[in-house]
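In structure tokens below, several structures.
Next come two complexes, and both contain chain A; in the first it sits with chain B, in the second with chain C.
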Partner chain A sequence: MNARLNNSLLCLYLLIILGFIFSPIIASFIFSFNADRFPSLPLGEFSVKWYEAVNEDADVWAGFYRTLTVGVSVAMVSTFLGFCAAYTDYRYSFTGKSVYLALALLPPTVPLIIMGLAMLFFLSRVDLSGGTHSVIISHVVMCTPFAMALIRLRLSQMDPDLESAAWNLGASQWGAMRFVIFPFCLPAIVSSLLITMAVSFDEFAVAWFVSGLNETLPVRILSFLQGQVSPRINAIGSVVFMLSMMLVIAANIILMRNSSKKTTEE
Partner chain B sequence: MSESLVEFRNVSKHFDDYTAVDNLNLSIEQGEFIALMGSSGCGKTTSLRMLAGFEEPSEGEVLLRGKCINHLKSYQRNTPLVWQTLALFPFLSVVENVEFGLRMQKVAKPERRKRALKWLDNLAIAEFAERRVDQLSGGQRQRVALARTLVTEPEILLLDEPLSALDSNMVVHMQGVLTELQRELGITFIYVTHSQSEAFAMADRVVIMNEGRVQQIGSPKDLYQRPNNHFVAGFVGKNNILGGQYKSEHNGIWVLAGNDGDYKIKASEAEPADRSAATDFAISADRVFVSRTVNSDFDNQFLCRLKGEEFVGSAVVLYLETESGEQIISLVTQAQMEVLGDLKKGDYYAHWQSDHCHIIKP
Partner chain C sequence: MGLISNRSIFSAFFSFPPLIYQLAFFVFPLFFLLVLSFWSVKFYRVQPDFTFSNWLYIFEKGYFWKSYGWTFSLAAMTSIIASVIAFPASYYISFKLSENIKRIVLLSLIVPFFTSYLVRIYSWQVFLNDNGIINAALDYIGVGAVAMINTKLGSVIGYLTLSLPLVILLQVFSLSNIDRNLVEAAHNLKCSPLKTIFLVVIPAARVGLVLAALFCFILSFGDFVSPIYLGGATTQTLSILIIDLSKAGQQWPRAAVVAITMIVTLLATTFLALRFAYKGKS
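So, the complex of A and B:
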């Protein structure tokens, strides 16, 4: 009886937490379909006019395409770099390896404002600031550690004899990489692509510093807010939220499907 | 001298200040089933890894068909290995696992599929060809691992404790499969194990290693009947190790002065021991008989008390102690036990033939 009570209290607690986290997003989602100019209760009539307004805004579309370009490029480059870093860690031991690992995993711990400022200073020094490529470079710096962490985790689940077994069966180092390491890491690589894309998609602070006139979507949203509080933001917010959630959920499904495979093996 | 298939010539392997293999000299012939046996850390696996190309010898040469292969990479050797962990590729199906070696040799797909299926068929696992590796039982996976190494038709197969993950019934079954396979194919098997029963059941020759050094090389029967040093005598089977000072020789029988009187042993015809030093000899526990009275058929007789007994299935191990406190073990069959009657009371005579004693080096 007591355990049951505990259990339901715990459930309640969980629900409150989830409500606390998601209510702003849900509110934004609901108000994006509200015809009223200002978000207030009771709700006005249902309307998709804010979505239409966003759809007609060329700046929003330009920002979206830019965000997409950045996201896809960042996903590919940082996953590649993350894979290389993780494989280096897996395969070799060398002096200063712990320093190498710490440095490789450091960027997410730097406050975004500092990171943005530093990136701006650095990129303008080398004459690379103010473009889409500046955002790509900065986001690669921020996303590579995520990619590395994911792929490192996968490599740590690999039977250490697997690569040697491939060599033993006549695979060269490249052959073993292509036919054994890569296929083994594939689930982690795919989820790394999705996660890094999601991180880049959402990232605002650093992009705001380095993007100059080439605003990404999150930066565009801020300029909306600065001019006027428009329900259009709710519409954009909902779309962006859906997109990045989809990426994260897809990544999780891929990872989970794989780990459940792993447990049936044991 | 005819050329050996594999030869280790003065091979040593050091890891930092630890010596894993110390001056190994070993020739392995075409078509031989040889087992490297010893407890963990004895250097058997390191020796195998040097042959497979995962470790480079610190000193000496490893030769394959008379050619030094020290600097060849693993993939340039064709010395396939069956791993202790099997190391099957989890993301490939059974048949794709078996095909792997052929795929690396760039054999065309229909051809390699055909050859892989033939091997799966040989090993009676063709029905699982399309399954994932993790859907198979331990014994089936074992067969996949074997098929995967044999598909490239190597002249030598390395096996690193391949049966250690199986339950005991399966081990015996797979021993049969391996011996039969080796005989059928006529290729050389080099089998690393810590298990005496596996090594002795399958191998033509067994190499016993300890602390990086070869202790003795011989057929299972040789090792069992004629251990040539303390380590082997203690490691193989159940041996009593006794010793004494040389006193005299008569018709090839040495008399040694021991703690309980004279031991009579047949001097080894192969290599005469140093008569001035104390001489140790081994007598196998199953050659030591026990009775109530002196039995003149045996030329060694010692009065003993029973200290304990241990039931080991078809036989009983008797732990005896002589008057001077020397421990003697005797392996007695159940039938002999019945003749002896109640063991708890009185004294016994342990006796054995001088023929069955064997001088060992310290």
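So, the complex of A and C:
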């Protein structure tokens, strides 16, 4: 009886914690359909006017296209770099490997504000600041570790004899890479593309520093936040949330379907 | 010969691109930040120089040390609060939930990472405002308004929004790796559940628990959104100081001094935390 009471108390506790984590997300979604300018309870009328306001805002659309360009480029470059780093870690051992891995994995632990400051100053010195490409360069630094981690995880599921078997059967290193390693990693590569894109979609701090006048969508949200209260933030947030979630769910489905396939392949 | 060079081309093709990229766009910019801290500003333009004046200027200012103290203690406080709040939930998730429900809860904890942090902070403003949702509710049950936004409480709520899901995930991960036989043995030896938690579970999961708190510290220490938009910049944290110095004041070398100080602090904290975590383990 006592144990059951304890368990239901713990369950209630977990629900409260989840409530704390999710209430801002859910509230933002609800208030994006609320007509009142100053959101409060009880709710005002149902309205899509904030979505319309966002839709008519040329800056938002420009920011959206820029975010999309950045996201797609970042996804491709960082997934390529992440794949290279993961394969290097999987295949080779060499002196200084721990330094190599540290370089590949450390960037997310540096505070964004410091990354932003460092990137802005460095990029402006080499004349690369203030554009969409500056955001791409910086986001690749931050997204590569995620790509590396995802692909490395997949490689660790691979039978290490598979690659050498291909060599013994006469495949060149490139051939084994193309016909054995790459197909095996493909699900992780696809989910890495989606996850890095989602990370880039939401990044605002470094982008705020380096993008200059070429604001991305999250930077646009930051300037809304700096200005007056505007429920438009909720509308943009809900749309971006849906997009990110679609990417993440797609990534998950691809990963899950293929990791269950792994057992049948072996 | 041909074989060897082909081999080395192959290995270079995969090993070098990430190395070169991270050296050029991660290590070098951070190193450049260190160099920048010795440069000087003349007529609002940054000039190469070798002067300690930025370091002296920043370190002599009382407000810098005040910011430093606040940032450090707020981040430390947040990581303690987050660890304590998260633990019962993580314990419940790892020991009491069935595999399927556990998976769903863990997936739902990943969701916040893909929602805009800015939007969540804006949403908290709606809750915490002086005439926001929480105060409306308090008013309804007859309790007077409580100031929550533009206070340190606001900053801490923002930090927790950022870090709590990660802390729970890391704690669950470390708790799930505990040898179940240990817990069972304690149970068989008539150790009470609470005693088991403190004498068996927490020591066994120490590394993961410390890492979770460390990540929370790193995230809170560097965040600028919560202290500005929920803390109302009532306490000027180091991140706000960097923004003021760089974006508003054009004092890039001084901002670099603050940034380097932050990095050194984070490295030292990480070193001490890891030493504590692995103390007595191989």
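The rule we apply is simple: the second predicted complex is superposed on the first by the 249 of 266 C-alpha atoms of A that agree within 3 Å, B and C clash if a C-alpha of one lies under 4 Å from a C-alpha of the other, contacts with A are read in each partner's own complex, and residues count from 1 in each chain.
The working rule: contacts are C-beta pairs under 8 Å (C-beta built on N, C-alpha and C of every residue); 3 or more make two chains touch, one makes a residue touch a chain.
Keep in mind the model is a prediction, meaning the values are calculated, not measured.
Q: In the superposed model on chain A, is it clash or fit for chain B and chain C?
A: fit
Q: Tell me which partner A:198 touches in the superposition: chain B (first), chain C (second), both or neither.
A: In the superposition, A:198 touches chain C alone.
Q: Applying the document's definition of touch, where does A:159 land relative to chain B and chain C: first, second, both, or neither?
A: first
Q: Check whether A:103 is in contact with chain B, with chain C, with both or with neither, and answer first, second, both or neither.
A: Second partner only.
Q: Report the partner of chain A that touches more of its residues: chain B or chain C.
A: C
Q: Kindly classify A:48 by the partners it touches after superposition: chain B alone (first), chain C alone (second), both, or neither?
A: A:48 contacts neither chain B nor chain C.
Q: Considering only the touch criterion stated at the top, classify A:137 as touching first (chain B), second (chain C), both, or neither.
A: Second partner only, chain C.
Q: Touching A:169, do we find chain B (first), chain C (second), both, or neither?
A: first
Q: Can you pull out the angle centred on chain A between the C-alpha centres of chain B and chain C, to the nearest 10°?
A: Angle at the centre of chain A: 100 degrees.
Q: By the touch definition at the top of the document, which applies to A:25: first (chain B), second (chain C), both, or neither?
A: second
Q: Which partner chains sit in contact with A:256 here, chain B, chain C, both or neither? Use first/second/both/neither.
A: In the superposed model, A:256 contacts neither chain B nor chain C.
Q: In the superposition described above, what is the shortest C-alpha distance between chain B and chain C in Å? Please give a whole number.
A: Superposition on chain A places chain B and chain C at a least C-alpha distance of 8 Å.
Q: Can you give me the overlap between the chain B contact set and the chain C contact set on chain A?
A: In chain A, positions 172 sit in both the chain B and chain C interfaces.
Q: Within their complex, state which residues of chain B touch chain A.
A: 52-54, 73-75, 78-81, 83, 85, 87, 89-92, 100-101, 103-105, 134, 148-149, 152
Q: Can you tell me which positions in chain C touch chain A when the two form their complex?
A: Within the complex, chain C touches chain A at residues 6-7, 10-11, 13-15, 17-19, 21-23, 25-30, 32-33, 36, 85-86, 88-89, 91-93, 96, 105, 107-112, 114-127, 131-133, 136-137, 160-161, 164-165, 168, 193, 218, 221-225, 229, 239, 242-243, 246-247, 252, 255-256, 259, 262-263, 266, 270.
Q: Please name which positions on chain A make contact with chain B in the complex.
A: 159, 161-162, 164-172, 175, 179-180, 183-184, 186, 261, 264-265
Q: Quick check: in the complex, which residue numbers of chain A touch chain C?
A: So the residues of chain A touching chain C come out as 3, 6-7, 10-11, 13-14, 17-18, 20-25, 27-28, 31, 39-41, 80-82, 84-85, 87-88, 91-92, 100, 103-104, 106-107, 109-115, 117-123, 125, 137-138, 140-141, 144, 148, 172-174, 177, 198, 202, 204-205, 209, 218, 221-222, 225, 229, 233-234, 236-237, 240-241, 244-245, 247-248, 252.
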